[in-house]
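Next come the structures, one after another.
Next, two complexes with chain A in common: one pairs it with chain B, the other with chain C.
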Partner chain A sequence: MRTRENLFLALLALPAMVVFAAFWLLPMARLVSVGASGPRGPAAYLAIVTDANYFASLVSTVTLSIGVTFSTLVVAGIAGMFLQRNDFPGRAVLVSLLTFPLAFPGVVIGFMVIMLAGRQGLIGSVTDALFGSKLVFAYSIAGLFAGYLYFSIPRVILTVMAAVEKLDRALEEAARSLGATPWQVLRDVVLPGLRPALISAGAICFATSMGAFGTAFTLATNINVLPITIYTEFTNYANFSIAAALSLVLGVITWAALAVARTLAGSTVAAAA
Partner chain B sequence: MLVCAFLVVPVVLSVLAGLSQNFFVGVKSGLTLRWVAQVWSLYSGTIFLSLALALECLAATLVLGVPIAYVLARRPGRMARLFEELLVLPVAVPGLATALALILLYGEWRGFRASSLFILVGHVVFTLPFMVRSVLAVMAAMDLVTLEEAAASLGAGFFKRFFGVIVPNARYGILAGALMVVTLSVGEFNITWMLHTPLTKTIPVGLADAYASLRLEIGSAYTIVFFVMIVPLLVVMQWLSRERAPVLAGRK
Partner chain C sequence: MSAKGRPEREFRPLGGSEVREPAGPPQGQTPECEARTSSVKPRAWGDHNDAASVRLAHCAKTFPDGTRALLPLDLEIQAGETVVFLGPSGCGKTTLLRIIAGLAQPDAGGRVFFGDDDVTARPIERRNVGMVFQSYALFPNMTVAENIAYGLRVRGIRADERRQQSARLLDMMRLAGLGDRRVDQLSGGQRQRVALARALAVRPRVLLLDEPLTALDAKLRESLRVGIDRLLRSLGITAVYVTHDQAEAMALGDRVAVMSHGRVEQIGAPQDIYYRPASAFVADFIGTMNRVSGERDGPSLRFPGGTLRLPDHAVAADHAMFRPQDARIVEPGAGALTGRVAAAFFLGSMTRVVVDLPGEQTIVVDTVERRSFVNGDAIGVDIDPDALVILES
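The block that comes next holds the complex of A and B.
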């Protein structure tokens, strides 16, 4: 009976396993072998460190992603805290509005940055009116930064709000009644309580920023972030082995970031798109 | 509150730009649906393809995802966790890598490469974990064994148990997963951009195209079309998650 049931369950699981193996595991295995089959051989995997261009691209991507992650944590941490702790008319609507960008593809987010800081963007017109010169930063690293912030903030706000809701306010009151300053309460009570949420949200932020392709693609900047480097290697130079090797390295980095955060935070980090 | 402005203002701007005669002059140049009409004539194909893909993707993830979630819920343990972990990898790894891998392995098969099936495969691999997790979360909270034994003792065969007891009980998880899958499929760009051909363009691909080569108003109008499609989905999803919370709590 039990073995029959096991067989039956295995049969149920089979379609998903077959599709997954055929369209993800096998292609990935192929990617690994293609990565090692170029003129450089398996050394292609080291090219990201040994080749000055790729290394520069790696460094700028990592720096940008770390910068975005920390700025997002600060900004969205404050906003999430505020939204959870204060009730005001229209709060529910505002929270829903804030979560919409989660579903926007990178290209749309790039376009939002162009609307904001592009050649005919809002910031440009405002500075034009005020100072007589247009401030245009959509196509520079600042524009990328703004775009990455745009898609990171909603994710972090939601996580922070959920975590703040679970915080025990009695602890904060106890600390305050013992004479702790607001700053001490924040540092010693609130932040430790939010730590797992902040770590997991930060990891997701970092991983998505590392792999964000659409935003950078729309802004068509001259900054070589890794996804764009991979894309140009593949389409413009038909350099399949390098593209494969670089994208695998990128994949390992994002996966590792999420995995490390999960062990640190001790809870499941739901990877997000 | 500056944060909210940062997130909301560009959306408003692009809606205005898509509806105004001439964005350089501003809204006072008059409002028009001309750009929206132009988008329709240029890109209606992408809209239908996106919708079709989203529905096919939904069907595929339902057929593949619900049974596997059931199996994982029935046999929790190391193997199940390991498999779940594997399944989530396509989400943890950038879409660019997944797309490259698919092209390198299957790119030679011209017929497959040129059809929208190629994109569908990418979308299914990417959205499947969301369906599985959503359904699994609900199934893990149910007492599957007791429910099934009760049904079995009343003489229900497996299919009757599965469709009569388990699926209805997991309906919120399935519904939430389904909305997620459709939303993600409609908005997917990173994988799709690599997999598309000039004849198989989805909305985000068309958007990238419009942003790069057409006037700002058309890009904006196209963005409006995208918003109109995606926002109702998001609203239902949020409504559902709010409705669902008490139901789940009551079932514990």
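The block that comes next holds the complex of A and C.
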């Protein structure tokens, strides 16, 4: 009786297992073995730290992602708090405009960065008129930073707004009644209340920035971030093993960031990106 | 229906404007209570020299959508006094509390004074009030002790002193040993006491309590009510208490202000409110009140069921009101009123008899007599003339 029940349960789990094996386990195993099959052998996995090029790529990707994450949290945290707490005419329109970038693919975001900070861009022509020299940063890490910030902010704003709505106003009033200044209320009540939302939004923001490809590819193929490095290793040099090894490292770092966030936030962090 | 805390109150002076002596001996403190707090220096919180009177001058509140939450009000709360604002939801009592707290601004022209100090323009964080919320509003990211010491922390008091103070308050509120707990590990009653301790830790000039017992079950509510009463009495603190529970209001208030539709209908000692209601709303809102109307015949009121002699001050009234316990059941024809038993409910300590009077009037009489009533029986009802409540006009 017991065995038959277990058999039945196993049968129920079978479709999920098949999908898991076909689309996760097998490709991952293949990727792991491809990564170790190159001329370097399993040492390909170490190349990311031993090879100066790859290591630089890793460092710049992680630095960029962390920078984007923190800037987004600050900008979107303040904006989300403001938008949720203040009612003014046009608020709904403003919120929907701010969340508009969600509708764009990375390529379009990259295009918009070029329009803003490219050689013919708005910032370039303004600085040219003012100082006689064009400020152009679209085709560098700075351009990528602007692009990632642009598409990270909407997601975080929406998360923050939802979290602010759930904050108990009585907590802030209680802190104020005890003499807390607005900054102390922010530090001791509001931010702790928003902490889970900020952590999970930040983790998704970090993961997205680590893996985003479209924007970087549009801006320039020689920006030294991991997704581009993987792409060039793979297509330009047919260096399959290194591409596979770098892919795995990228995946593991992103996954680890999400896992840490999940533990810290104590709630489910959607594995987007 | 009458205030359950009444016997305790009789040891205290009554009247509309009495002031509890702030530094006097703690009143109403039983030996049991003293035993509990013997390890504490009650004087630390008992010396409430900072207790301030509260004066509202022409305070009104109109919401942006035009609703008048509070009609212009002038009111003085003595230093050390407990005033309870009582009324149904939407009567403006919470708005009034928020104006005193500094969480809401009165309409232009309204002023709030703490003692001689005009605090109208000051936000809540600079008014030095203690506030207890209905939801307790304890900080979930802090321990019990950190919650209690928060007001001291934002005042820049040193950590060891904070620890001492919160330990003292934990003791005083019978929470000793719970200082390191997280807030969500506490029961409702414990949370309520932590909220109270946190509000008291800053030695507020005024303690504001917004329905602090509403979230608790009836039994706990009653025992905490006694606890709060003792505490307010022993501290001699000025307290403003908002509730919709009349038993709570009667038990705790030196004065009770009954509110309705943004207006204070009546303010006075609980006995005044109960025995001498100033308006039909107060009469109906507090306890059960019978109302009989009839034809005026000289000094009496005549109706099909009998004649009721009215007190001399009833000039033109065509009705009289009385409490169920102020009526006596007598033989048919012997009392002022005669009617038939419509229903009788045995409630243990008394029997509540519903009596139909001729002419479609119904009254309720409470009796402690050990007799049974049969529906339809003719009975007489007599009422002590002194207990009649007459509202002229």
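Definition applied: the second predicted complex is superposed on the first by the 245 of 273 C-alpha atoms of A that agree within 3 Å, B and C clash if a C-alpha of one lies under 4 Å from a C-alpha of the other, contacts with A are read in each partner's own complex, and residues count from 1 in each chain.
Here, a residue touches a chain if its C-beta (ideal position, glycine included) is under 8 Å from a C-beta of that chain, and two chains touch if they have at least 3 such contacts.
The shown structure was predicted, so the numbers you read here are calculated from the model rather than taken from an experiment.
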item: Fit-or-clash call for chain B and chain C when the two complexes are aligned on chain A; value: fit
item: First (chain B), second (chain C), both or neither touched by A:Tyr150; value: first
item: Contacts of A:Ile223 with chain B and chain C, given as first, second, both or neither; value: neither
item: Partner with the higher number of touched chain A residues, chain C or chain B; value: B
item: First, second, both or neither for A:Ala243, with chain B first and chain C second; value: first
item: Which of chain B and chain C A:Leu167 touches, first, second, both or neither; value: neither
item: Touching partner for A:Thr254 - first (chain B), second (chain C), both, neither; value: first
item: Which superposed partner A:Thr181 touches (first chain B, second chain C, both, neither); value: second
item: First, second, both or neither for A:Ala142, with chain B first and chain C second; value: neither
item: Closest Cα approach, chain C to chain B, once both complexes are overlaid on chain A (Å); value: 23
item: Residue numbers on chain B that touch chain A, as the complex places them; value: 3-4, 6-11, 13-14, 17, 23-24, 60, 63-65, 67-68, 70-72, 74-75, 83, 86-98, 100-102, 104-106, 121-122, 124-126, 128-129, 132-133, 158, 183-184, 187-190, 193-194, 204, 207-208, 211-212, 216, 219-220, 223, 226, 230-231, 233-235, 238
item: Chain C residues within the chain A interface of the complex; value: 101, 103, 123-126, 128-131, 133-135, 137-142, 150-151, 154-155, 198-199, 202, 208
item: Residues on chain A engaged by chain C in the complex (per definition of touch); value: 168, 170-171, 173-181, 184, 188-189, 192-193, 195
item: In the complex with chain B, residue positions of chain A that touch it; value: 8-10, 12-13, 15-17, 19-20, 23-28, 30-31, 34, 75-76, 79, 94, 96-101, 103-108, 110-116, 120, 122, 149-150, 153-154, 157, 207, 210-211, 213-214, 217-218, 220, 227, 230-231, 234, 240, 243-244, 247-248, 250-251, 254-255, 258, 270-273
